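Labels A, B and C are assigned to the chains in the order they are written; within every chain, residues are numbered from 1.
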Amino acid sequence: MNKDVSLMAHLMRRAGFGATRNELEGYLEDGYEATVDNLLDPGESGHMPDDIIRRYHVDQSELRQLDGAGAYWLYRMLTTSNPLEEKLALFWHGLFATGYAKLNQARALLNQIEMFRHYGFGSFRDLLVELSRDPAMILWLDNNENHKEAINENYGRELLELFSMGIGNYSEDDIKECAKAFTGWTLGNAEYMSVRASKDSIWPYGRIAWHYEYRADDHDGGEKKFLGKVGNFNGEDIVDIIVTQEATARFLSTRLFQYFASDEVDSDGELVISGMMEAYFQSGYKVSAVLRSLFNSDYFKSDKCMYSRVKGPVESVVGTVRLAGTYQEPTLDVHSLWAQTMFMGQGLLAPPTVEGWHEGVEWIDSGSLVERINFAAKELSDPTKDGVKDIIRRVTSNQKDLSDPEKLVDSCLDYMGPIQVQPDTREGLIEFAESQGAVQIQNGQPDENASIQVARLIGMIASTREYQLA
Amino acid sequence: MGNKEKSIVVVQLSGGNDYLNTVVPYGDDEYYDFRRTVHIEQEKVLPIDKVYGFSPHMAPIKRLYDQGKVAVINGIGYDNPNRSHFRSMDIWHTAQPDEIGTEGWLGRVIRDLDPSAENVLTGVNFGRGLPRALGVRGVPVASVGNLETYGLFPDIKDESAKKLALDAFAHMYGGVQGKDPVLNFLGQTGMDALKGADILRTAPQKYSSSIEYAANPIAQGMKSIAQVLLADFGTRVFYTQHGSFDTHSGEIATHAKLWDEVSGAVGDFYDDMKEHGKEDEVIVMIFSEFGRRIKDNGSGTDHGSGGVAFLVGGEVKGGMYGQYPSIKEADQLEGDLHFNNDFRSTYSTIVDKWFGLDPVPIVNGQFEQFDLVNA
Amino acid sequence: MVNTNTLSIRYLKTIGIVNNGFNGRGFANPYDVAFGPDGEIFVLNRCDPARRSAIRVGVCNLAEEYLYEFGYGFGDGDGQMTLPVAMAFDAEGRLLITDEHTSRVNIYSNKGDVVSKWGVKGDSEGEFNGPAGIAVDSAGLVYVCDQRNHRIQKYTSEGKFLSQWGVRGSEPGEFNLPWGIGVDISDNVYVADWRNDRVQKFDSSGQYLETIGGSGEGSLNRPSGVSVDRNGNIYVTDWGNERLQVFDSNGKAISSMRGEATLSDWAKDFFESNQDEMETREISNLNPDIPDHLNTPYHISSQTESYFWGPVSVRIDSNNRLYVVESNRHRIQIYEIE
């Protein structure tokens, strides 16, 4: 197995949703570090155009409901030329987990995701300020109920605990002062919008999207004491203080490490995180600098880091579909892809609570595993799909003799990733390949039956334990 | 300790069932004042007494009611009612009205019935995706879309090809345990899934009954439940749902069809259990996330609060429980029927009196119970 | 209200309410409107995936009585629809509905009985790849925008192919995913050349005459529908700009409207039984200032209830009333042309 290909495939599984061999070859021309730079500074991405989506899918134009909104985001993930932009937006979605169930406002959620795309690579300070102004977040954590005369601590607490510093780095008083600073940060027509949200009302004419509104008369302009500093702080001032904290640097770097590098943090990982924290302060809190430090670390490139994460359901679905090459054009049943993510335990735009999803091995239970396997096996064992055809073409054109099941299995594993598997898995695959009988090639072309055989093997590889890992 | 033979079937009416057109206050003139368009005519109601009666589309449930096998729980709800489908359903599922809960109440029941998770089939959901009511970390619950094809590789139609795939799967997942704990865990989970599916798929073959269930989804769901229950896999909690009861428009026709289907399915299920001598070992609970507005909107009804739940079973003490809320303007809660009993009272009754478990940690508190099952 | 020397467009009323069910009054992503002989308003409900089994045509009238509805389910069976786009009555009073997924035209009686169908997928003469807009001229001949073949095809109402014109491109007479189509009283044909951001005018044989709204004042962004009144004024649902754009018979832009919807009777009924929503609505500013980063027509319309949002079709009835169909707001705004 070619080491450069293997490393690039690893990078793209982490910084994206995996890559086809064609894509990998393109990235390899640029080289590893240049690819990292391009991923981190993507510019305008290419993806399926909005007008095409909206004309075809009424539900994705109106965005009244969750399935359409989820499908809309999935299209972006499936067709983007900048996979890290979406992968990072998905990270923020898990970290700043805002859910449809309470809001009943899919448009506002997608606006929040768009905000993540826009601010996600830049200064963490700007991102937290925008997050605090985000209408979906405001309603999700009740900041519309956070009044000058009666504070609601929900947003203030989670901003510190779940979004920036982590528990143990501030006091209960800091939470109260933080909440006071965010009084008056609300959304337009908050009363009507919150009644509609709490009744899931689409009447009379569908949803009415939300926008941020600052009510100066409902803001507590008094003196506050926060993390040892004193002043007439408003929300921005609070964020300014938060981002200078070492706890914040550690919290952010650790979460990014766990999402992009490894579910578990060991002592080598701690060193990488120290480097990320340094990059955080040196760059003026830039997320792209923190990520560059991670992706270019020796640890990230080491064998130890490879396959050390359980794929999340969304990355699993998107990776599989991108590999199969489907949904590149508007496709009638795209909304069912969203349902798939739900069945696997990660309903996009519907995290269960503000804590987001429990990741790593907690993604896996017998029900979700069956869903993952059945979905990937079905998607990838279909020899009529462009991506599957391409794998079959590469496998069959590189080997004159496909009658050796070991070579066939190794070749499929190579072109599907490369994917490294355990000996048991490889034996199981070889047994499967053997049981199907030898693959026949005529004039360098697989016949229909041969294509079906190879495709079934590809589907079988998508059913392995190793395919569940990134 | 739980009573090993007892089980529950939960039927969720998704979308918000219209209480007023389910148990109809046909003897109250005000009902017809508020429901100018969306009402059930007096002469069509299946009377319970002089004031209340079942919808004409609930004849099988009325029949069981007359046999004393149906408890009608009136005015069920919770404080500060939420009228959003998702949120209110969440509240019913997690038994936590005040904050966003993480554990499902039935998941906790399953955990307490089978604390060491010995049986992967203690809880079985019929439908794709797991309802939050069943979700508790570490508690395995099977979610069955279609009993006949349940399990791995349902899309491989060719039987011999499927067998090859399943054999290879067993080889890949069931091999010797290596040193990577994550791969080991995946292997174990995959083998559990394979095992559970193999067991479940045998249920239809073992089943025989004179009952002919209708072709609609809820009837077929109840048939699958009967098959699994009668196959004695030790399943104690069954879950299924039907809908959509979200009848904002054209309610009369839609609501009639839905209740024809639900009451037909529940009636057939009861008869099926009776045919197999099991009617005393299972309770069916029917609930919805909320009731609907008292006043109609000219075509349907909008999201409301106070609702109705039903318990059906051989050991149920039939009758009317709770109070049917007054529909007078002054007694309304923001245009809705004012609930008068917390849904967790009903949950507590089931958990305690039916399963013999401590209800407090399951429903998040102490709630007054009904005397509606034979202990 | 718009007044020019020759033309006044006066808002009359809004009909409709969102229907999230499977039957009954209200609309579910309405896509087109057509007018029956006795004042019936036929509304084509494209329906989103959650409701697609109830894909149907609803029939009401200007007084907002919901009269009846018909549909045969989602799919490609007789009378069924998958992604219906547009409809028109033919000279015999039968309703023709295009379906861009099945590449078919379904024909129904005006009571909703299934009469017949035509069309197969392909790119040969008479075949379709995503039929969209449909219009019938004074001779009863039918024009269909064959969207993904980027051409217009002309048929008898039985589906007998007569002629075609256009290829993919952006030159005059070429198309890029055309959507809506209309004819004027002289049987000139107007095509909403969607992805070329213009309307093109042809004579009934397909001879190119002129381009409307291609640039300058009133320039269009992804126009979806086009209709022409008896005086030759041209009305375009400027989908990408979320507005109704009006041109005079010379193609000069004369007015641009964002919509002024009010509550339909059905909507008033809703608020009657949902006082909590009515009360908070009354203290709200329903025409808010939108922050800069959401300052696109689409975002503005998504937050401004009275504005057009997703205007997919504009049609004129025999009483010179103009109907703008809004897919995203499930309603029809009606204007009077004088």
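Operating definition for what follows: contacts are C-beta pairs under 8 Å (C-beta built on N, C-alpha and C of every residue); 3 or more make two chains touch, one makes a residue touch a chain.
Everything numeric here is computed off the predicted structure, so don't read it as measured data.
The chains touching chain A as well as chain C are B. Farthest from chain B in terms of Cα centroid separation is C.
Taking the mean of each chain's C-alpha atoms as its centre, the chain lying closest to the overall protein C-alpha centroid is A.
For the pair chain A and chain C, the distance between mean C-alpha positions equals 38 Å. Here the CA centre of chain A is 34 Å from the CA centre of chain B. Chain B and chain C have CA centres that are 43 Å apart. Contact with two or more other chains is made by residues 248, 302 of chain B. Residues of chain A in contact with at least two other chains: 199, 201, 203. Across the assembly, chain C contributes 20, 266, 270, 274, 276 as residues in contact with two or more other chains. Every residue of chain C that touches chain B in the complex is listed here, in rising order: 19-26, 66, 266, 269-270, 272-276. Residues 100-102, 104, 197-201, 203, 263, 310, 339, 342-343, 352-354, 358, 361-362, 364-367, 369-370, 373-374, 377-378, 381, 422, 424-425, 427-429, 431-432, 435-436, 456, 459-460, 463-466, 468-469 of chain A are the ones touching chain B in the complex. Considering their complex, residues 244, 246-251, 253-254, 293-302, 334-335 of chain B touch chain C.
Against chain C, in their complex, chain A makes its touches with residues 51, 54-56, 58-59, 61-65, 67-68, 107, 111, 188-189, 191-192, 195-196, 199, 201-212, 332-333, 335. On the chain C side of its complex with chain A, the touching residues are 16-18, 20, 29, 31, 46-50, 82-83, 101, 177, 179, 194-195, 222, 240, 261, 263-264, 266-267, 270-271, 274, 276-277, 280-281, 283-286, 288, 290-291, 294, 299, 302-303, 305, 309-310, 327-331.
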